[in-house]
Structures are given as structure tokens and as C-alpha cells.
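The data blocks that follow each hold one structure.
Two complexes are shown next, each including subunit A; its partner changes from subunit B in the first to subunit C in the second.
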Partner chain A sequence: MKIVILVMLLCYSFAFSSGDTTIHTNNWAVLVCTSRFWFNYRHMANTLSLYRTVKRLGIPDERIILMLADDMACNARNEYPAQVFNNENHKLNLYGDNVEVDYRGYEVTVENFLRVLTGRHENAVPRSKRLLSDEGSHILLYMTGHGGDEFLKFQDAEELQSHDLADAVKQMKEKRRFKELMIMVDTCQAATLFNQLQSPGVLAIGSSLKGENSYSHHLDSDVGVSVVDRFTYYTLAFFERLNIYDNASLNSLFRSYDPKLLMSTAYYRTDLYQPHLAEVPVTNFFGSVMETIHTDSVYKAFSSKTSNNKINSEMPVNQLSEHDELQKANIPNDELKTEKQKCPYTQMRVDLHEKLEKFENVDTVVNLGIAVMVFVVMISSSLL
Partner chain B sequence: MACLVRSWIPLLFLQSFLVAIAFGSNEGEEFSEELLLKPLPDRKVLAHFHFENRAPPSNSHGRNHHLFPKAISQLVQKFRVKEMELSFTQGRWNHEHWGGFDPLSSMNAKPVGVELWAVFDVPQSQVDISWKNLTHALSGLFCASINFLESSTSYAAPTWGFGTNSDKLRYGSLPREAVCTENLTPWLKLLPCRDKDGISALMNRPSVYRGFYHSQRLHLSTVESGQEGLGSGIVLEQTLTVVIQPETTSVETNMQPSWSLSSLFGRKVVGSCVLAKSSNVYLQLEGRLGHESKNVDTEIEAHKLWMNSDFDLSLKPDRVIRESSSLLFIFDIDKSSDSEPFDLGLTWKLPSKWSCEQAPLHASRFLMGSGNERGAIAILLKATESQEKLSGRNLTTDGRCTIKANIFQIFPWYIKVYYHTLQIFVDQQQKTDSEVLKKINVSPSTDKVSSGMLEMMLELPCEVKSAAISIEYDKGFLHIDEYPPDANQGFDIPSALISFPSHHASLDFQEELSKSPLLSSFKEKSLVRSYTEVLLVPLTTPDFSMPYNVITITCTIFALYFGSLLNVLRRRIGEEERFLKSQAGKKRGGLKQLLSRLTAKIRGRPIEAPSSESPAAESSFLSSKLIFKIILVAGAAAAWQYFSTDK
Partner chain C sequence: MASEKRDKEEEEVKTDDGSPKIKPRPIVQLGIFLVAHSPVFSVVFSAAGVLALLILPLLAKNTYISENALMPGSARSMLSNRDVSDGSKLVKDIKNYWLNHEGQGVEVQKLIGKYMSDMGAEVYYQKFHPEGNQFHPLHFFSGPDSYTLLDNVSCASYGVNVAGIIRAPRGDGKESIVLVTPYDFINGGDYEALSLGITSTLFSLLARVTWLSKDIIWLVTDSRYGDYRPVAAWLTEYHSPSFKVSDLLKCGELNTADTFRRAGTVAAALVLKVDGRSERFEDTLSIYAEASNGQMPNLDLINVVNYLAVHRQGFYVKVEKVVSLLSSSWLKIIGEIFEAVGKLARTLNPDWNFGIPAADYLEGSATLASSLYSQALGIPTGPHGAFRDYQVDAITLKISPRFPPDSKTRQHDFFLRGARLLEGTIRSVNNLLEKFHQSFFLYLLTSPSKFISVGVYMIAFALLVAPLPMVAASLYIEGCKALTKSTDNPTENLKSWKWLDAAKQVFALHLLGFIVTLLPYFICQVPGQHSPRNRSIMWGTTSSSLLLITFAIIPGCSPFSSRHHGTNWAVLKSVTISAAFIGLCLMSIINFATAEIGALLLVPTCLMAQPIKPALRSRRIKSLLGAFCSMVLLTIGFPVMFFAISKGLFGEAVVGLSLGGEFWTWLESLWAWKSATYLYIGMVHLPCWLLCLCILFHPS
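So, the complex of A and B:
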């Protein structure tokens, strides 16, 4: 019996090493406010609230890409210069003394947003404006603004479509720019923005379902506009109770959304995300809490590659050994899933490519292809 | 006793080591912090923060950074910047009330938004590349969209109109750029004490940004050491100029408001930055006050200077310096501590009035014309009071008294300026170019490639009351992608720079003040310059939903066309089928039909379609025909392909 389990564990670890085996090493956050103009004050307040939260929970400024589409803090209409509030009690100035905005004003465009995600920048772009994540990164992508069915408006001038987002995420996955990605969107019909996502390791939360609006929470009569959206308000209400050492799970965050209070139904897309939500602490995305690994010798883990691999392969095994004693029945299931991860499509493509290269006469291949096409045309026309 | 000494020695070592870290080992790096406060005639207070950081020439291995910010020295090293100035400004400098003929205004009155100019120490061909990279680096460093200056449509290379003569100079400005906390914070992070200690601790963000005018400036210049093997030293000068309205409770309108540092900034200075070589606060009182008491010889007289019938200072100044038209009180904040914070206050007892010295000509700029097609830009130079005093100083060789004025202006490419329409009016009379125009340099704009630039040197007679320059332009059309998201707001034309090359402003201190970088910079003669307003030009903006309309209508037309075509193609078969069906129905005879109708009524179901065999048979027959045709076509195609490839 033990041997069987061992073999299974080995299989598991191997399958895992072909996919995303790396351990979680760092956290990044991309926070985007896509709305221009003063009446969209609440969107900037939303983004800055999240900024404050992730900073408080341990993500440093150099790992946060903050995009603000307009200047609200020093806007001429702002009664409180250099201050932004997300509550009418004005207890907390979100703009503080230490805000680093990476993209602002006209720079917040769909192009720049996709460039940040995919990492395709001009050479001159400084490091502070790049998302320098790697395959061990957990990324939080928060977006707020005005949206609709499968799109999100940028600056009231252009749109990010759900296909664009899905393409960018897919590219990120292929470039190994993240281990896990959490997309949180607070717009109207936010759930539709996730429709096209298909990359593994992506978790998505939207503030509302298709056909639903996301509403603002309350109006500040001194500032003169609404200062926060409901979904973000209740997200913050959840996080304000936490500190960096808390172990609250994502599940508890998801459960904290009450459709009656939100006036919309929060939507979670978890089918691309493997770990059990009840076991994932929120600080995996909203903070930067690293696991400490004990090594026998000092600095060896960083100096040599072999030991690094050892850790990588050991980690899932360790995690699983705790796991399997609880749910032995689940293991074959897991194996099935991981086999899927080998991606039959890429394998097929590689095989095809190899075969193609063996051909000496390209013309015959082309002719054969035409013959096949004729055949296909025949079949399709006969079906008509 | 020996034991005691032994335990003391390491402590002493440690202490001396710490002191060495703090002061000794800076190897010539020097940092100083200063604050100049100045009440303004229009009941406001000007606060001018000045931080200077000097790095000595480094050897070839690079620099050891103690106080000097590494980011800046890397910038200088990488892009080979010889001199650079970056300013972030909001608000407009009021030349009439805040002064236009003193070093403070000529250096710190900046155009709205971001202004950047830099001189590079690279071959001519690489200047533009260095500029591009520099703008990107600065945008990352200061959280601003300075990288928009990289495109050749937004910067220019002034030759002589800017005041700095160099062919490796690039100049650009972004009038629309917002300036806020996120720009000040990285700027403060360049200071050794940040905003935690010393004078910079006063910078409470809300009170700074509540001001009427705030300009944050960073100026860096390299100083050649002249020695072999040594690089160049860097002088980094950071200034923040704020004009604040103190809150007053008094109802009297002619009374100057009393203020203190804590009422202006909501904070007090608790001790100086320990890393600074000098930390001083100056209070400058201008005008009538300065002339009042001539001799400050005795102690009582000196006391009278800061506690008299006009005003009271809350603290005793360490020194008082007289300048030609003003008094300067110097305070050393080293003595302040947590228990006794430095909170300088000025209380006025009697109403007082004075005026600031102004530039010889006051410049303003405005737009003329109407409509979305064309217009004209006019720059109006008006004589000020100080002009009379200045006249007579600037005699040319033929004995005429003249005022020289340089005008430097950048036009974005979509403002298509016709340089031949340049008209100059002096005292409302049109003058020919040769009369007043000494020098002119024009580089016309190229559509979507480069911006236009105009440099002019005017020589006006001293007794001039007003001079106006107008130039006409056509508005260009942008591509739909080039419009910003808020295109309906209009487009900004950057400020024009008016400088007076024959006038130099300086403060004339009687005493030697080599210690203070701020005062010594004031003592140096600086070019009198002023920036005009930013102009807002409304351009024709398209209906941005137009592309969507076009797409929708095109799609509709396509759908209609193909839909109907398909319908026509399909309907023919359908008609045939119906025809065949009806024929089959006829063949079956009326009796059978009646029977089936009856059974359908009994069962309560609609009439069943006549047996599906016959249409299937018909369709198979049809398709075999079709297949034959297709095979024929495909065979022909394959044959064609085969023969064509063989040849």
C-alpha cells in the first residue's frame, strides 16, 4: 500500500514539475482605475483603498503598479487638496504622504495596460513602470471603472474587451509571468469580463453578474460625489479587520459578500483555479506573506541550482503528504487533473512539426494538402 | 577606576564612529537646508524651501554615496547630463504683486505643469536619444508622465532664445500635467532626512497644495574638476516655492495678516536635519520697512528691528542683514528641540503697504480670432512702474536707450503658424521688422514630426508703453487616435518665455555670505525672465462615436446583402421542394388527404407532414448532381495545380 502511495506521490510530483511547480516567492499587485473626470472620484477612491490595503498587508511599493486615470487629489474641484477619502467620516486620507503612482492621466490606456501585463515595453521604460513578475509570483489585478457586457471602458474613450484580457492572461501564462493570478473587477456586469479566460491558475471575482449594475455606496456631501463603490466598500470592510498575520481564507472573503448589501451578486470564477479556496489565505494575493524554508546550510538554497530544484520538488510533496492522509480518495482524481495539464494540444503540435520536418519534397505535401481540401469540400457539400 | 575606563573606551569608539558616519566620512558631500519666508504685498506669504546637495568629483571607480542621492548620480552618469532642470508647478506667479525683478521670481516662477530642459555632454547625434531615455527615467523617478516629452513633436532645441546657449540643449514642457503628492514624495526622498526631520518636516501635503502657487524644482549641474582621473562633481539644488494665504481672524482689510509657521503649515520645526551642514530660516521683509532704520549699530537698535511699532517677531533673529531694499532676518534652527520647537511667527501691529520690484515689461499672451479654422496668437508687453527707474541704464552705442527682450515660444504642430504674418506694434503703431526686431530664429513645424519654435530678440525704446506681437495660425487636423480622452477640453499651447538679456536681478547684500547656498545664489546675477499664460486652443474634435457608427452601418449593409443573397440562393431549393411536395400531394389523391386530416383531428395533433421519404430521395438525387459538379470543379483545380507545379 505504501509503495502505491509513494508511486502516486512521485507521479504527482513529476506531473507537477512539468507544469507550475515553482513555489510562491513574491507578490505583485496591478491596481487600475480606468475612469477620468471628477464625477468618477469613487473609482479612484476604490483603487487607492485597495492600494492602501495591499501595502498594509506587506506588498512594497516597487511591486505595486498603480494606474490612475485622472488626478483627483489635486483636482481644482477637490475641497480637500492632496487628500482622497473613501468614507464620509474623513478619518482616513487615502492619499497619505507616500503614494507612488506609476501610470497616470493620459498614460492609462488599454495599450499600456496590456503592455504592463505582458511585459512588452520599450527599452527606455523604467523598472518602476514594469510588472517584473516571474513564475513564482502571485498577482492581484484589480480594476474599477465603467464597464458593460464583456468590456471595460478606459478613460471614456476606449475599451478593454474580455478577449483582450483573456489573451493577455494567456500570454502571461505562457511567458511564465505568474503562478497564480487573481482578477478582481468592480464594474457593472463585471462577471462578463471573465467569460473568455482559459488559463490555469486564474481566479476571478467580479462585483456583479451579467445584467446587473454595481452601485456606489454612499455620497459625501462635502466632497460632493459618491466616494466608494459597494463591492469595494465591503471588500475593505473585510480587510480592515485583518492584519498581516491573519489566516483568513479566500472562502471567507467570498462568503462575506451579501447580495442584499451589494445590491448585486458577486461572482467568482474558480474553475481555472485548483487549490481549495478554504485553504488559501487571502494574504496569498492581497498581501505578501512568504513561507520560510529551512535549509541545512546557509545561503546554499540561493547559490546552487540543484538545491533549488530540490526545494521545488519537495514542496508539493510535503503539502500533499499532509493532504493525502485526510483524503486518500482524492488522489487519483488529482492525478487525472494533472495529466490534463500536460496539454495534449502542444504535444500534438510538436509531433506534427517533427513529421513535417521529415518531408523532403514540400510540393508533394502541398499537393496532398490540396487533395485533402478537395476531399473536405466534397464531404461538406454532400452534407448540405 | 581602570575598570570604568575600560568600559568607557568601546563606548567612546562607538560614539566617535557614529559621529564619523554622520559628519566625517562624507568626503566632501555637503547638504544644506534653508527656508526663506517672505510676506507678500497682497496679504499672502511666500515660503521658499531650498536644499542643496553637493557631491565632489568622483574617481573613475565611481562614487561613494553618503548623502547624495544615488538615483540622481546614476542619471547624470548614464545620460551624461551636464545641466538639467525639472519643475512641477501649479498656479500662476503673480508678477505684479509677488515680484518680477528679483532672483527668487526669475528662478522660481515657472510655467504651469512640467517643464524640463537638459544640456547633454554627448555627441550631437546622440542628444535626442539621451533626451528620450532621460524623460523615461525621470517619469519613473517622479511618478509623472514626463515620458510624453520623448516624442519629437513635444520638445525643441532652442539656440539662443532660452538663455542658455548650447546646441546640446533640449527643452520641453507639459502644460496639462497634474502636480500632486506623488510628485513631491519622490522629490523628498532624494533628501537625506526625507520629510522626517529638519525644515522639510514642515511640508504638510494639504497645506502645500492648498496654496495659490506651488512650484517644485530640481536643478542639477555638473562641475568639472579639471583634474586628471577625476570625474565631475554634481550640485543638486531642490527648491519648493509655495505661496500661501494665512488664515486671519481680523476684519480689517488693509491690515497684513499675522502668521506663524504652525499656522501656515500646521507643523513646527523640531530640530534640524543632523546631516545638514547648515539649516537656516530667513525672513525677508521688503519695501518701506527696510529703509526705516539706517543704523543698526547698537544693541537697542537691532532689537528695534525685530520688535518695533510695526511688527513683532516671536523669536530673536541670530543675525540681521540689510539689503538695498529689504531686511533679512536669519534664524539658526539648530537650537530648537522637541521641547522647544522652532515656530517663527510674525505679528503685524500697524497696516503696512509696499510693492515689489517688477520686470521692465509685463508680458501676457492671448488668442485672437474665432471659429475652428484659424486664429492668431498675440503677446502683449506692457510697461511697468519699474521701467522708469531702469531707463537710462541701457544705452546702446548710438546713445539710444533700449530694452532688449527675448521671446521663446514652442508651437505644437497642429497650430500651423504663418511666420510671415508676424506683426509688431509699438505703442499701437505698426513697426517694420527692421526697426525693432534685432534677431529672429524660426524652425517651422512638420506635421506629426516636429513642433515649431520661434525665437525673437526685440529691441524696444525705453519709453515704450506697450508692445504687441501677433502671429496668425491655422488649426490642423489630428488623426482620430491622436486625440486625448478629453479632447473637447481643448489643447494647450505651452507658455512663452520672455527674458530680458540686458537686465539681471540680484540681491545686494553688504556682508559676505559664502556660507549659505541660497543667499549666494541670490547674490549671483540671474537673468530676468517671466513666463506667459498657457493658452487653451479648441480644435475641431470629431464625433468619437463616428467609427462605431460606420462599423455598425457597414455591418448592417453587409448583413443585408449577404443575408438576402443567401436567402435567394436557399429559397430556390425550397420552392422546388414545395413544388415537388405539392405534386406528391396531388398524386396521393384527395381521399387520402381527407383521411389524414380526420385522424389528425381525432388525435388532436397538427397534420403530419407527408412521408419524409420522397424529399430525402429527391435531395439525395439533388446532392449527387451537386457532388458530381463539385468533383468536376475540384478535379479541374487539382489538375491545374498539378500541371502548374510541374512546370
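So, the complex of A and C:
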């Protein structure tokens, strides 16, 4: 029996590495406004509106990386000091008390943006400025600014090219920094920015096709500038009707874009994304709806992880079936079954935990494990 | 490099083979072809140059706002009736003051100053000397003058400017926008007071808005001493502070020592004037933009004002035009021809719609002519010129209301619209993050909303001067052949140095031109009061005697010297044309319009110049006609003559000796404004004209 448990632990660590079976653990959002200057007020308003929306739908501030290239609220030209509006009715101040800007002003560079995505930071960079996602994360990447054919302008000084973006996403995939990534871009010729993407699990949506401009929605004649872009405006209009419990699918979001209203054609790239869009709720990206795992006590569920790390992962694949059988044996009825299939990972942990609980002499198991390890080390070293 | 090497190798191979013909490069072939057929090409190119100038109104493009940051008209006007009543009150107070007082002292300035400080502005007064510019030969191109405050100034005459500064509440204080309203504090006209009313209305608004990012300076200048001088004096003080306490500061009751205040770099300036009654149904807004030496403010500034005036406030906007051209029948005929050609082209291909109605063409050409003339003259068309000396974009707006100045009911509406126009413009400039740089600086206007950019109008000039190098080359070759024939001794015949004699003559006459250019400075130094006529006579006689001395000293220069000493006329003409070409090209960089008009005059003269004697001897009609043409062109080309003719064209006939006086005054104004046109006339046009005269009377 002990051996079986050990084998199962090894098998568990094997399952750890395969991406498809990883479950959705958390949600992140990276919101980027890339342009400076007063007349680009709307880009900051776009980003802040999205920030407000994802926050409302449940992504906490520590999981949102907000990059704003300029500070319109404190611009001397702003008739409403310290306030940013995305509508001429001035009902909603987007720059209220709880806005945490992670990268501001000249910090918003292509380099910093790529560092955030790939996680290659200098040591001094605080955790709040890092995208600390894992292989179970769903990430929303929203970008707005001035773009062109396969590029997006940053700060009027440099450009992010579609190759750079694709490369960063590929690195993220390699480093298992996401499970699913949704890239939403509101610029002119936004669709071209996705041309080079290859990594699986990426869903991309852009405000306009190649050769098309993205237009602003309306002008606020008190502030004297356009305050929101069309694509973002209609995206927000869609989300304003939703709350955190709604089951609206991505498909319904995509269908809500009317080319006549946008004055451009929204573009979706879905070939890298396996799930059927009609079945994916928008809150998978724009919110943070987590499955609650019931545990008897705090942190117990993770205790197995520590022992797991100690074990060498040389494991025959056929053990998997055994583990499946074990899992099946524990299923009491059909309703639970569907739920468990949704997250085999969690279920497996629970099972293991239960098994371990049943053991009376845990110490013996651990001792045995160490003995096996020593044995394996001896054999391997003597072979070498 | 590699291809060059290969070419060389090929050439070598060919010569090794013994083939005698080396094929020259295509560009060399083209050059040889052009030089060989230079008479035909020079006629073709010159005609094309003139034609290109004539079709410029057709090529004019509509203006557009090039700078994204400007966003004119995107903000709602915030002017309220309270602001307007502030403005009206100021005008009323000033009028009352005039009713009760005789103009002396600085009471009106103080009144305006009080209004400014009541609105929350920092107010100060500046005293300045009305002394105008003095001609100094070394001051050309040396940037703005530093009007050094003289120690021994009299308090008899000085002007007082009032300025108020509104600080941007959240701005960084690094930039500012200047509003200028000239006002005669002694005689104070009714219309001028209206300009104060408009600006005061606006100032009242700007003092309370929250969106300013640049400080606003309102400068009321003392226009007793002209429009330009007070502004220039203020700008000098603003940019180059003097740390010496002048006596001027203590003059009068107003002590202005240590009170001069500044804001940041001037981003743009608007000069507002109200005068005269509009002849049209709408209020008329005239835009003046030309600064010294044909420099223009950025086109975006004109675009913004034009856009707001036409689309928001409903003004009738116009720029200056040569009115006499509107009724000229030949221009009308040309316009009709272009219209017909445009229609024909359109029937052939619907995409070719370059044709414009003849009436539009006429308007466009009249405006273009005025634009060219103002730029060529090099004299600023208003006080905005003073700003250009500091690289500040500025224009003068002259508003002519459609009502008499004492109409109270209309005044309110007029103030509101005028102030809204200025508010919109200031809000646009306020949005700017950098200096004006997006749009054109080199352009000609054909209407307030149409322009011709440098890329287009340079073509006309390039075509016009293109024949010069060709003809110079062909004449040189011709002259060399003639010289080789005439000289008996072949050893003397150093082929490449033949042009040296001619060059000496050309250089001598250019030196003379230089001295003649500087003469007015010395004439001005002659003690005693002289009328302009006398001065011009002095100048004329000195110049002619200098010319005779040059002819006497340098043998071979003179057209009257013996044939033996004289250089070959063809070589002389070749060098003359080269000198003219270089002069024109240099001038086109400094002031395009001057070069264009100069080329129209100088190119045909230079090309047609030929000795008159052989033509008279041959008695062939063709050569006689040529001689006659060159004589006519030379007569027109004489600067005084051309001045008289152009005066006649503009409808002011000047005859007799008064012409000399007029011409002198005109030149005086040119150098007073440091116009490069003056240098051009003295150092390029005059020597080339003299050289053409030499060729005409050449003894060959």
C-alpha cells in the first residue's frame, strides 16, 4: 500500500507538467495605455475604463498591472483637475481613490512591457510591478494607443512590433506563465499586431483590420478632447450590463461589435484557442470567478506539494490508469462526476490527502520514502 | 564603387582593343546635348518657368490642420455675458475719459492697468524710446537689434506700454502666449477701443479658467509711435534684460524701474486690431502674416484662426490681394484658357479635375501676387513681424465690424464673437506641447484656405534659372573657339584660363555693386538735413563717378575701351550669367519671392544681352530684333525704372525727379527693415545689369 501511495505521488508530479490538464487557478490583467500627450486623453480613459471593469468583475488590484504612459488627470490643460472621464456626462470619475498605477509616464516602454510579460525583471522590481502568473492563469492583455501595420507606438518614441509581441507570448508559454491569454487591442490596424502569434491558448481581438482606422467615439466639449474610442466604448457598454455572476459567453461579446457603429471591423483570431467560444464565459478573462475548493482546514491541501518536490520523477506512464481508477472509485454520483472532471487536479489532491489521512503511521511512510531515495541515489551514483 | 571600377576596366579594355570611341556616360551625353542646343532649351525652359508661375493658383492645395495637438474648435466656448460686460465697461470708461480729458499723461494706461489687476493679472508698465531703426551695414542678418538704452535720453518723447500677465494656475510657467492690442493713448480712436474691449472680454475669461497650461500676456502698446516699434521695444526688453538703470525709467510720474515681468518662452502671439467698417455684410477678418525677409509664421496658426473664424464665428476672412490685378483683362483671358483646358481634361479623364473657374483663378492670382510681393519686399506687414525676429509665430488679425463704432447693441455680439475667436485660438495653442513645427513655414497663400508649398513653387524658379548654366557653358565653348582663332600665337593660348579676364571684369563690377550698396550709410552720415531727392541725387552721382573710375582704372572693363584690350564678349557673357545664376540661387535660399521676381527680370536680360554694333552692321531683321529686345529689357531692368513701372502697375504714377526721392525713400525703408532684397538689388541685380550693359555696347 505504501508503495502504491508513493507511486501515486510520483504520478501526480508527472501530471503537474502537462499543460492541458492544468486547471484555471487565477486571473490576471495587463492594461496598457501607450501614448502620451494631452490630445491622446482618450487612450488613458480607455485603459482606466477597462481597469474599472475588470476590477468590478473581480480581479483584485494586485493581479492587475496598469501601465499609463501619461497622466492626463494632472495635466494643466485638464479642466477637471485630478479627474478623468470617459463620457461627456462626467458622471463617472475613472481616476478615483482606488487606482493603483503600476507603471506610469516614462516607465511605460517597450522594454518594461516585455519584461512584465516575460517576467524577466531586475531584482529590485517590487512584486506589485510583476506579472506573477502561473501555468493555470488566465491573462487579459489590453493595449491601446496609436498603431499601424504590425506595430504599436509606445510614447511617441518607440514601437512594439508584432514579432516582439509574438516572441514575448511564446516565451510566456515556454515559461508556463499562462494557461489562456486574451489579447485585446484598440488601435488603428490592430489586427496586424496578431499576425505573428503562434502560441496555443492565445485568443486575440483587435478593433480594426489592416488598412482601417479605429475612431474615437465622442468629443467632450468641456474638456476639449475626445474621451473614449469606439471599440472600447462598445466593449464597456457590453460589460456594463454584466455582473460577476453572469454567464455571457465570449461569443456574445464578439457578436456585439457592430462594424457600422465601430466604423471599423473588429477582428478575432481564434485558431490558437481550442475551447468553443460560445461556451467560454467572458468572466474567464475579464473577471475572476474561481471555483471554491472546500477544505477541512486551512492550507492542508498544499501539504502534499512539499513532499512531492522531494521525489524523483522517474515514473512509468501506465500508472496513470491506476490513478484514474482510484479516482473513479471515489465518485458517488453523476452530478459530482461532471464537477470532478472539470478539475482532476484538485480532485487528485483531495484523494491523495484523504489517503494520507487514513494512514496511521505517516512517519514510517516518510522514512521509507527517504530510504528509497537514498537507495536510488546509491544505485545511480554507482552506475555512473 | 564596384561598378565604377568595372566601368574603368571596360574603358581600358576598349582602348586596349584599339577602338577609338569611348562611349560617355548618359548624364554626360545629356549635358552635351543640352549645351549644344542651349538656345532652344533656354527658350523652352524660360517659357515653362513663366507658365509654371502662372499655373500656381491651379496647384494650390486646401489648407489642413497638420498638428494633432491643436484640435481647434473641439472645446466649447466658456465666455459668459459677465465677461462681455467687463469688456464693454472698459470701453465705456475709456470713452468717458476722452470726453472729459484732453490726452496727456498716462491716465488711460493706468485705467487699463487697473482693469487688468482687478481681473487678477500682474500688471506693469514699460517705457520705451520711439527711436526707429537706423541703417547699419553690419546689422543685416545679425538678428534682432539690441536697442541699447541711451544714457542721454530726453524725457520729451517716450511711449508707455501696459502689460498684464495671467499665470496658468497649474502650468509650469515655461511658456506663454502674447496678445497685443495697439492703442493710441493720446488720440484714441473709437475702433481701436473696440479691440481693447474684445481683448478685455477674453482676458476676463482667461483669468478664471482652469485649463491654461501657458501664461497669457496681454500687451497694450502705445501706437502713437507706430505699431511695430512699441512691440519691438517690449520684445527686446523681454528677451534681453538690461541691467543698467536708464534715465528713461525716471521720466514722468510713473516709475517703472524694476517692475518688468516676464513669463516663459513665447509660444505664439496674436495682434488684434479693429479698424474701419466692413464693406461686406459680414464682419471682415483680415490676416496679415508676412514678417521681415519673407518669413512666414507656421501655416497651422493661420489654419487655426481661419478655421475658427469661418466655421465657428462666421467671419468673412481675407488676405491681402493686388486689387488692380482683379480687373486685368489678360489675366482673365489666361484664367479662361485654364478653365477651358481643365474642362477638356475632365472630359478625357474624370480624375483630372485640376481646372478651376476663371473667377477663382483671378482671385487666386491676385492674392498670390500680393503674397509674393509682400514676401519679396521683406518688410513685415504688421507688428507681428517683431515676433518673427525671435522665432515666435505671430499674425495680425484686423477685424472690420459691419456696424459703426458707437452702436451699443451690436457691440455686445461683436465682442462675444471676437473674443470667442481668440479664445478658441488660444485654447488650441494652449494644447500644443512643442513649438509649431508640423506644418509649413515656406508657402505662398492664394486664399485664406489655400496655399502653395515650397515644393511646388520652387519648380517655377528652377525652370526659370535652368537655362543659365546651359547657356553659360555653350557660350564659354563658343568664346574659346573664337579666341583660339583670333590669337596667332598658340603658346599664349592657355585654354583653361581664358575666362580670367572676363572674371576680373565681373568681379570689379560686383565690388562696385557692393560699394554702392554701402553708400547710403555714408550719405546718411553727411551733416545737415537733406531731402530724399537730394540724397538720391548724391547717391546717383557718387555711384556714376565710381563706375567711371572703375572703367578708367581697370582696362578691359569698359565697353568703350579699344577692341584689342577688350575680352571676348561671349566669355564675358558666360561669366556674367554664371554670376547671375549663383546670385539668384543664393537669394532663393534667403528669400524665395525676391529671387523669383528677380529671376523674372534678370534671366531674360542676361540671356538676350548681345553686342549691338554687329547687329546694326548686319542689318538683318533677326539680329535687329534681338538687339531691340535686349535694349528694352535692359531699360526695364534698371532698378529705378522697374520701381517706376511697378508703381505704375499698382496705380500710383510717379514721374520726373520726384521719382528719385520716392526711390530713395523706398530703399531707405528696405534697409531700415533689414530686408535682404536691398542687398540683392545692390549686389546681384545691379552688377549683372551693368555687365549686360557692357555686353550691349561691346566693341566687337
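Methods note: the second predicted complex is superposed on the first by the 276 of 384 C-alpha atoms of A that agree within 3 Å, B and C clash if a C-alpha of one lies under 4 Å from a C-alpha of the other, contacts with A are read in each partner's own complex, and residues count from 1 in each chain.
Throughout what follows, contacts are C-beta pairs under 8 Å (C-beta built on N, C-alpha and C of every residue); 3 or more make two chains touch, one makes a residue touch a chain.
All values reported here derive from a predicted model rather than from experimental measurement.
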I'd like to know which partner A:221 touches here: subunit B for first, subunit C for second, both or neither. second
Can A:81 be said to touch subunit B (first), subunit C (second), both, or neither? both
With the two structures laid over each other on chain A, which partner does A:124 touch: subunit B (first), subunit C (second), both, or neither? first
Have a look at where A:46 lands relative to subunit B and subunit C in the superposition and call it first, second, both or neither. neither
The answer to whether subunit B or subunit C touches more of subunit A is B
Just checking: does A:38 make contact with subunit B only, subunit C only, both, or neither of them? Give me first, second, both or neither. second
So, does A:284 touch the first partner subunit B, the second partner subunit C, both, or neither? neither
Residues on subunit A in contact with subunit B in one complex and with subunit C in the other? 37, 74-75, 80-81
Of all residues in subunit C, which touch subunit A in the complex? 68-69, 71, 74-76, 168-172, 209-213, 427, 430-431, 433
Residue positions on subunit B within touch of subunit A in the complex are 90, 132-133, 136-137, 139-141, 143-145, 147-148, 150, 176-182, 185-186, 195, 205-206, 208-210, 484-486, 544, 623, 626-627, 630-631, 634-635, 637-638, 641-642, 645
Over in the complex, which subunit A residues touch subunit C? Could you list them? 37-39, 74-81, 219, 221-226
Residue numbers of subunit A touching subunit B in their complex, please. 36-37, 71, 73-75, 80-83, 95-102, 104-107, 122, 124-129, 155-157, 363, 366-367, 370-371, 374, 377-378, 381-382, 384
